[in-house]
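Next come two complexes, and both contain subunit A; in the first it sits with subunit B, in the second with subunit C.
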Partner chain A sequence: MTALLEVSGLRTSFKLESGGEFAAVDGISFSVEAGRTLGIVGESGCGKSVTSLSIMGLLPKGQGRIAAGSIRFEGRDLATLTPAEMRALRGNRMAMIFQEPMTSLNPAFTIGDQLIEGIRCHRDLSHADARAHAIEMLRRVRIPSPERRIDEYPHKLSGGMRQRVMIAMALSCEPRLLIADEPTTALDVTIQAQVLDLMRTLREETGTAIILITHDLGVIAELADEVVVMYSGLIVERANVERLFALPQHPYTIGLLGSIPQLHLVQDRLNAIEGQVPTPMTEIQGCRFAPRCPFAADRCLQAAPPLVDLGDGHSAACWRAPLEADAEIELVA
Partner chain B sequence: MLHYLLKRLAAIVPTIFFVTIIIFGLQQLLPGDPAVILAGEDQDPNVIAYLQKKMHLDEPLPVRYGYWIAGVVHGDLGESLRIQQPVLGLIEEKLPVTLELAVIAMLIALVIGIPAGIVSAVGKDTVWDYAANVIALWGLSTPNFWLGILMILLFSVSLGWLPASGYVSPFEDLQANLAAMIMPAFVLGNAIAAVLMRHTRSAMLQVLNADYVRTARAKGLDERSVVLKHALRNALTPIITLGALEFGTLLSGAVLTEQVFSIPGFGKLIVDAVFNRDYAVVQGVVLFTSSVYIVLNLLADLAYFLVNPRLRG
Partner chain C sequence: MSALLRVENLVKHFPIRRHLFGRQTAVVHAVDGLNFELDAGDTMALVGESGCGKSTVGRLVLRLLDATAGKVWFDGEDLMTLAPERMRARRRELQMIFQDPYSSLNPRMTVEQTLAEPLALHGLARGRERERAAELLNLVGLAPQYLQRYPHEFSGGQRQRIGIARALAVEPRLIVCDEPVSALDVSIQAQVVNLLQDLQRRLGLAYVFIAHDLAVVKHIATHVAVMYLGQIVEYADKRSLFAAPRHPYTQALLSAIPIAEPGLKREQILLQGDVPNPIDPPSGCRFRTRCPYARERCAQEVPELRAIEGHSVACHYWQEIMAPQGVVERVVVNERLVRLQSAFRGG
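Right, the complex of A and B next:
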């Protein structure tokens, strides 16, 4: 069976003010099977969002471009599609929800207008039928009294409600792939849990594959089947979710796991990974994580480690992988 | 909404009251005595004294203001000293001319300015953007009277397509009226189009980067609906304000342009009145145009409700 989405060797470059280009995403490969959920995790600036915009064909025009690699969706290479063919996919076969529910809906139109517009863009429905479908979608995302809510403007809804509207909009044409870019980051913790719960239920109802982009490993643990860890435009580790949490191999992943607050431990401070993500513009010879890595050796500074298969679908880009158990304990403690 | 409307309407009264004080006060700063000007070359002291008494010029300032404002409240703006006609009649006579000129000029400005702004924002840093900016710069920096004279030279003198000057009532001969109006209207509209284009461009650039525009693209909408529906609707607010203010300026008369094309509108009326110290006319016309300005501002605010549902509460 071929994957629903296959990204291979994707390299997305952005123009610099000074003239040159830098790669925000520098040669990454992954795939998503139908109905599965892939989590992409990493700090701000690691290239998560750029990856999703590359897939959707929504890179800012004139600034970002796919410089190398390919994205195959339902067997078709997206690079070969015309803009009109790409539009026919967007919002239809693949849809996206964004981080900021407060600003992602157009303040000048009712949520009904915005839902119906998307539905009629891809389905040959009358306005009345599209409206009925929009109300049904609002009901499915658990918006109370959708018949009334549909005629309201976004500013009347709370952030959580707006994110539900965004989800309804994204799912209204039954996409095969939903890309959720930090869908809960801007929401209160209780609302976060509700939205995650909703996404889980909808995934079971619709069988939509999800790419879940987040910096929050808690969200990953809730929803993802497989996880890709990104650092500075590269994939540093890939595994299924249980394995990643149980046996992380890359020091960066271990650091991320170590920075989750733990209720059973008394901690004065949370563990943080020292230093900052290097911008993709910085020229680093060797491993990009080496300047922040507690295990960095001479070899790490000289050559970048490849992503190597460690078996069981687990791979990591570290010279030291597979890590010895004691080293792991040393860092987490 | 109703509450807001009432509040705005109530605010008009004190605003206009202040305007009358300013108009009246500034007028007193003009050097020269209207009685002396009216008395002609002989400067007979008896005549001057008589005229001063007739026009209440011998009374203190607040009393004179009182006379004027009492008339204004009763719909009497006074009488022109020079041509012995009621000011209201003069306004009624010139208003249609200025109004027609302003409407045509504004239409030209909107039709050129807004699309040019959209094109240059959408095609930022392309040839279209540079072209629109160069043309806007030209529009902003070209003096109206100079452009007017050049157009007369080209279209009237060289090509003979349009009349160089003069005004024909549209009720007499619509075609001749439009032929006489098109050049002055273009001259006025051209400058406003440049301002509108600059503002449309910057407002559009701002909203084109908005998250909801990305959402619209993510829905699979074509660029046309993304730009003209989702972006433009949100970019309109500053453009409406600007358009209303520019229209108000047009209605207060275009002095130089009316002069170049010999159009008998407000601009010419005010200039003549100022030179002749025709107090009643200056006061009346300025009060009228200020009121128009205030009303246009109110209309612009009401238009916000149409484009911005958040204000409807």
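Right, the complex of A and C next:
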């Protein structure tokens, strides 16, 4: 079976003011099967959002470009599509929800206008039918009294409601792939729980594949089937969700899991990862995590480790993987 | 022993006026009758969702905002009625760390100027300002060669360290930390949380820690007050709050936090709807519109915050509500992981 989405060797570059270019995403490959949820986790500047914009064809014109690699969606190479073909796909076969429900709705139009426009763009429906469909979508995302709400402007809705409207909009044409970029980060925790629950239910009902982009490992654990961990433009580890949390192999993943305060664990002190996240512009020879890695050996400073298959669909980009519990900390001069 | 900080019936209402000089048309009930105490060396966490009034409390305690009513006792003096001059002197002992490390530093001042300014204001370390500034940087884990740099040359985590150094410059006894780590990346958050804990131990600081992230709070606090629409609904020492949350809101809040363990089975309490508007809070118990256990009486009578064995809860029916499983803590889940993680602590 071919995957719904297949990204291989994707490299996305941005222009620098000085005239050069830097790669925000530097050669990543992954695939998403129909109906599955892939979590992409990483900190700011790791390239997770650039990955999603690359897939959606939404890179800022004249600044960002796909410099290498391919993205195949339902068997078609997206790079070969005309802008019109891409538009027909976007919002239809694949859709996206963003972090900021405040800024991703147009304040000058009612939510109904915006929903109906999206539906009629892709479906041959009369205005009345599209409106009925929009109301039905609002009901499905559990907006109370949708017949009334549909004529309201975005500022009348709370943050959680706006994010539901965004989800309704994204799902209105039954996409095969939904990209959710930090969908709950701007929301309060009880509202986050509502939205996550909603995404879970809708996934079961529609069979939509989801790419869930987040910095929150808790959200990943609740929703993802497979996980990709990104650091500084690269995939450093990939595994199914149980395995990633139980047997992480890349030191960055291990460090990240130790640095979050967890409700259900007794933690005396957090294991902070010292140092700073490198900017994508930083030139680093060798492994990009090596400067912060307690396991780094000489080799790590010289050559970048490739993403190596460790079996059971688990791979890690680390010269020292698989790491045993008693891994020696080598002192790097 | 009396507490370092004691807040009594603190109230803050923000008037709403239709026009600039118009009549007051309504009132936002930001903080409505708050009481708590904090000892030196302890951390009192104020938690709750946006609009619950937690940040307003922090600003009231430092008198950056004037309270509508109530008292804030700091070391035996009521800050609310203190003369301006005396208050200025007192401010040395009360400092604040802000959420946004990007907007809370002056972009035109070097780190040295940023750190020397509070020293000059309070006449401290005269003649040895540079030395003291270097000391402060060292205290927060930054090298002294950064003294001549400007804020834009630092990352978010480093800026937050500078913000902490600035607060420490005047040797305060109490620091109000307003969401100090929520704008930082996960791996950097841990660095700052550890730093705050180390400083507390070394300097005996008291923190009022304002946060929405209960996992961070569980890690850093000694006491927790859960706020909802301007009021405390539950107040207890940390252990007791997390082991046996009694207010339905606390229970829902705890159960809503995603836990980084796939396949973990637990009961989730999903609250319906959104937080009501603080301009017109619900009658009786303010939480009743979202409470799964609400009854007739909850709409009529305001539940008082009552103490039961050091654990206070504002709910008419807390005794009848089945205590859900609190957070079951485990010491070690994954030995391999714990051992590998310990490498990050350094030798």
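We adopt the following convention: the second predicted complex is superposed on the first by the 318 of 333 C-alpha atoms of A that agree within 3 Å, B and C clash if a C-alpha of one lies under 4 Å from a C-alpha of the other, contacts with A are read in each partner's own complex, and residues count from 1 in each chain.
Assume a contact is a pair of C-beta atoms (placed from the backbone, for glycine too) under 8 Å apart; a residue touches a chain by one contact, two chains touch by 3 or more.
Small disclaimer: the values here were computed from a predicted structure and weren't measured.
S.K.: Could you tell me if A:89 is touching subunit B, subunit C, both of them or neither one (first, second, both, neither)?
M.R.: After superposition on chain A, A:89 lies in contact with subunit B alone.
S.K.: For A:217, using the defined touch cut-off, is the partner it touches subunit B, subunit C, both, or neither? Pick first, second, both or neither.
M.R.: Touch status of A:217: second partner only.
S.K.: Please indicate which partner A:246 is in contact with in the superposed arrangement: first for subunit B, second for subunit C, both, or neither.
M.R.: Only subunit C is touched by A:246; subunit B is not.
S.K.: Taking the superposition on A as described, I'd like to know which of subunit B and subunit C A:122 touches: first, second, both or neither.
M.R.: Touch status of A:122: first partner only.
S.K.: What is the contact status of A:192 with respect to subunit B (first) and subunit C (second): first, second, both, or neither?
M.R.: It touches subunit C, and subunit B stays clear.
S.K.: If you tally the residues of subunit A touched by each partner, is the higher count for subunit B or for subunit C?
M.R.: Looking at subunit B versus subunit C, the one contacting more residues of subunit A is C.
S.K.: Classify the contacts of A:301 with the two partner chains as first (subunit B alone), second (subunit C alone), both, or neither.
M.R.: neither
S.K.: What part of subunit C is in contact with subunit A in the complex they form?
M.R.: 49-50, 155, 157-158, 185-191, 193-194, 197, 212-216, 218-220, 242, 252-264, 268, 270-271, 273-275, 327-331, 333-337, 339-347
S.K.: Any idea which subunit A residues touch subunit B in the complex?
M.R.: 56, 58, 62, 84, 87-92, 95-96, 98, 100, 103-110, 114, 117-118, 121-122, 153, 155, 166, 169-170
S.K.: Which stretch or stretches of subunit B touch subunit A in the complex?
M.R.: Touching subunit A from subunit B are residues 124-125, 210-212, 214-222, 225, 230, 233-234, 307-310.
S.K.: If we count contacts the way the header does, which residues on subunit A are in touch with subunit C in the complex?
M.R.: Those residues of subunit A that touch subunit C are 43-44, 144, 158, 160-161, 188-194, 196-197, 215-222, 224, 241-242, 245-248, 251, 254-267, 269-274, 276-277, 294-295, 323-327, 329.
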